[in-house]
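The block underneath contains the structure these notes are about, expressed in structure tokens.
Lettered A, B and C in written order, each chain numbered from 1.
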Amino acid sequence: MSAIQYTAAELAERFDLLVKGDGGRLVDGVGTLAGAGASQLSFLSNGKYASQLAATRAGVVVLSAADAAGCPATMLVAADPYVAYAKIAALFERLPAAPAGIHPSAVVAASARVSASASIGPCCVVGDGAVIGDGAVLGPHCIIGEQCTVGAQSRLVARVTLVTRVTLGRRVLVHPGAVIGSDGFGLAFDRDHWVKLPQLGGVLIGDDCEIGANTTIDRGALDDTVLEEDVRLDNQIQIAHNVHVGAHTAMAGCAAVAGSARIGRYCMIGGNAGVLGHLELADRVTITAKSLVTRSIREPGEYSSGVPLQENLLWRKNAARFKHLDEYARRLSVLEKDSDND
Amino acid sequence: MSAIQYTAAELAERFDLLVKGDGGRLVDGVGTLAGAGASQLSFLSNGKYASQLAATRAGVVVLSAADAAGCPATMLVAADPYVAYAKIAALFERLPAAPAGIHPSAVVAASARVSASASIGPCCVVGDGAVIGDGAVLGPHCIIGEQCTVGAQSRLVARVTLVTRVTLGRRVLVHPGAVIGSDGFGLAFDRDHWVKLPQLGGVLIGDDCEIGANTTIDRGALDDTVLEEDVRLDNQIQIAHNVHVGAHTAMAGCAAVAGSARIGRYCMIGGNAGVLGHLELADRVTITAKSLVTRSIREPGEYSSGVPLQENLLWRKNAARFKHLDEYARRLSVLEKDSDND
Amino acid sequence: MSAIQYTAAELAERFDLLVKGDGGRLVDGVGTLAGAGASQLSFLSNGKYASQLAATRAGVVVLSAADAAGCPATMLVAADPYVAYAKIAALFERLPAAPAGIHPSAVVAASARVSASASIGPCCVVGDGAVIGDGAVLGPHCIIGEQCTVGAQSRLVARVTLVTRVTLGRRVLVHPGAVIGSDGFGLAFDRDHWVKLPQLGGVLIGDDCEIGANTTIDRGALDDTVLEEDVRLDNQIQIAHNVHVGAHTAMAGCAAVAGSARIGRYCMIGGNAGVLGHLELADRVTITAKSLVTRSIREPGEYSSGVPLQENLLWRKNAARFKHLDEYARRLSVLEKDSDND
């Protein structure tokens, strides 16, 4: 289908890799070690798949020098095969067509400034004072609220909502269903009912960020909610108002960060992990899946909470005992004292 | 309102049930034991509601033979009253009108193939090469990306997004806000920043699957993400790239499955439960609510993690002790040795 | 920008506060203690920020009498400064323009009743028999299903979906991506496959409720799912079919309530907390973040589950021991008996 083709030698040249074998081997796509054919390139970076190398029918394999023995294909040797593969594979990705200009079904406010090179898809709505940068792509059904900015070369895949006072940097990628700049959840309790705090801040998203499908990022109460550059959020993540996320931090699906928390740079937040409000996490903190962070973390490292999965009947017995753990600890101390006194 | 009416005898005949009482009793709707009136049918399948049977004003009750004593209404005796009730109730459901044809506000690519019997609702966007099968219904605001297929008799209630390379089987039901075929979360770390792995696979959804509101299912990195037939997903579920879900598996709201995990057939995944990446779950595995699966499960059965809810002050004491559990276990062993040596 | 201005004395009069200092001080906006300028009003309600008071450049500060010493600005003394600030700040919020009338791109059924003072935004779809009340605002891309009602002065910010048989009270605020009235997750297992239970109930949302972005609220199976008045739901919350939520209850992001659970009034449900189906929670119950409620709660108070976060290597040791907690408890009892027998 694809007319895109590269020789192994061309790929080696382009990405500074070492060819072993037939440098003239043509590649027109990528695949897994198990599934790739003779005109496809594959990779080995996870030891779990090493056993598949000998039998691969891929024409070219990207791998580390240590794995080169026994590879039946042309090799591209890389210091980090996963990174090298990622860059090569990008050559074979075909994005949906996004012609410059405004689709006739889109509704664009007269006061909006839309670059002539931007693409505004079907049924998009662009509000007063919004700015759409050069080469930006708004897929179908995107809503760009008043005073929002979409930076150059950013791509909103489809059905993305920027509510109000949202600024996206350059090359930001946002997936369908994401809602950015919605009201933060601010309430004051007035004797017998709730009074809403108006959410007067905005959201700043740095260059090269990625925001997953159905992820929500609320705008700040007074100051802004901030994602620094190259922050990577998976699907269904919740970022509350006034959160600050440092550059290059990645969060897996269904993670949630409560209001005014401050996450460092190069952090990794696992799936469905949570961070309570007003906490601070240092740079290079990793939180494992489903853990809850209930205190600030000052030191880089890996942190966890939770208990292991067990067969339900065993688990019930252990879980029931958890309710008496404090008592057990005290009884243990008593026994130790008794023992010392013997 | 509804002109639909059946006699008890007609329902018995249709669903192979036994009538006890007045077979000519007319039914024009369904209701709870507590709320149904003389022209309505109710059911008893959960022992919790048995005490409501004697006082019910329902005209007809579906129940098991064991519960028949003391029922004041005409009875339809069923081996499984819940299943029988489900089938009867479906007769009284009225779906929104979905006339065949393409709404004038929809934007359909010239290269898309839309069955003449399909219904394409207001503001739908159907991309290049998409295929919409016979009798398929796209409610308002659905987006069907390039190369996506919606099988015959499938129904996308409203505002469903199929991003790219998504194939839905027949009779698939998808609720609003669902995003299927979005980019998987694939990143390689290149010294000081992230490089995105292009997501070149697709999503295959089998016949008779149901996908809940705001659920997200990512497309595969190379191979496809797969749901076999009759998989039932509740709302706000996250299915990552290259996950494989076996037939007839059901997941409750907010469950999440990480990349490349393989879930068996007839599994039950509880609300907000999680499964880590690359794991395998056998057939007929049940995971209780909010549990985290951190290892593959080879045997059918029920599995759990977590600790029980307590009043906060008690919980704090026990939770604080958890941080020393390893130490307690060692101290316990020391005491036992001392005791043996006495 | 904003032409809105008030003197400190005017604000004091309006909200029944005590002025200390220059009552003629003009305020044209609000800000944090650290960020507000001379024409802005700030507030102090959280002791954490008390140290910022002396250095604030805000023209006016709302605070309690106890905090008044050392404030360099004009003061508005309030019994509850947070509530007073919330009400004042609302004066400075500017909502997007929402002119009465129906946008030409909207698709409104002939049988729908839309108040002349309502605003129907671009690409909205309003179904048969729907009712849109006086002064209600539907932002862009809202879908109002058949037989749904939007009460007077309610505001659907953008891209809200009311599926079927949904009734919103007055002054209800719904954020983008929310799906209300989707099918509840009702299935009966028929030997080897699932049979769907038709979801024939609706959803009733009381006056002054707020529903967060991408939150889902399913309609009832037979009776309705109900939120009483002034219920406040944050983003990505899941409310299953037939849940009943009492007035003034608030839930933080990613909380989830399973089918037919009944939550009292004035409850506080923490972020990502869960409540299993068919349970009842009394009034004024607080559940802390990520806790799972597995039994009904009859007494007001605060409840928790979970274990504390630790550095991963320590956590692993303790978590591994959890699997033997029942055994440890029994071994402890044996030792105690032995000790008694000494």
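In this text, contacts are C-beta pairs under 8 Å (C-beta built on N, C-alpha and C of every residue); 3 or more make two chains touch, one makes a residue touch a chain.
Model, not experiment: these values are computed from the prediction.
Shown here, the protein chains touch in all possible pairs. Because chain A and chain C share one sequence, their contact can be compared position by position; here under half of the interface residue numbers appear on both sides.
Remark: chain A and chain C have CA centroids separated by 25 Å (rounded to whole angstrom). Multi-chain contact residues of chain C (touching two or more other chains): 105, 123, 141, 159, 177, 214, 236, 254, 272, 306-308, 310, 320, 322, 324-325, 328, 332, 335, 339, 342.
Against chain A, in their complex, chain C makes its touches with residues 30-32, 35, 48, 80, 82-83, 85-87, 89-90, 92-93, 96-97, 103, 105, 121-123, 139-141, 157-159, 173, 175-177, 208, 210, 212-214, 230, 232, 234-236, 248, 250, 252-254, 271-272, 289-290, 306-312, 315-316, 319-320, 322-326, 328-329, 332, 335-336, 339, 342.
The residues of chain A lying in touch with chain C in their complex are 105, 107, 123, 125, 127-128, 141, 143, 145-146, 159, 161, 163-164, 177, 179, 182-183, 185-190, 192-198, 200, 214, 216, 218, 222-223, 236, 238, 240, 254, 256, 258, 272, 274, 276, 278, 286-288, 291-295, 301-308, 310, 314, 317-318, 320-322, 324-325, 328, 331-332, 335, 338-339, 342.
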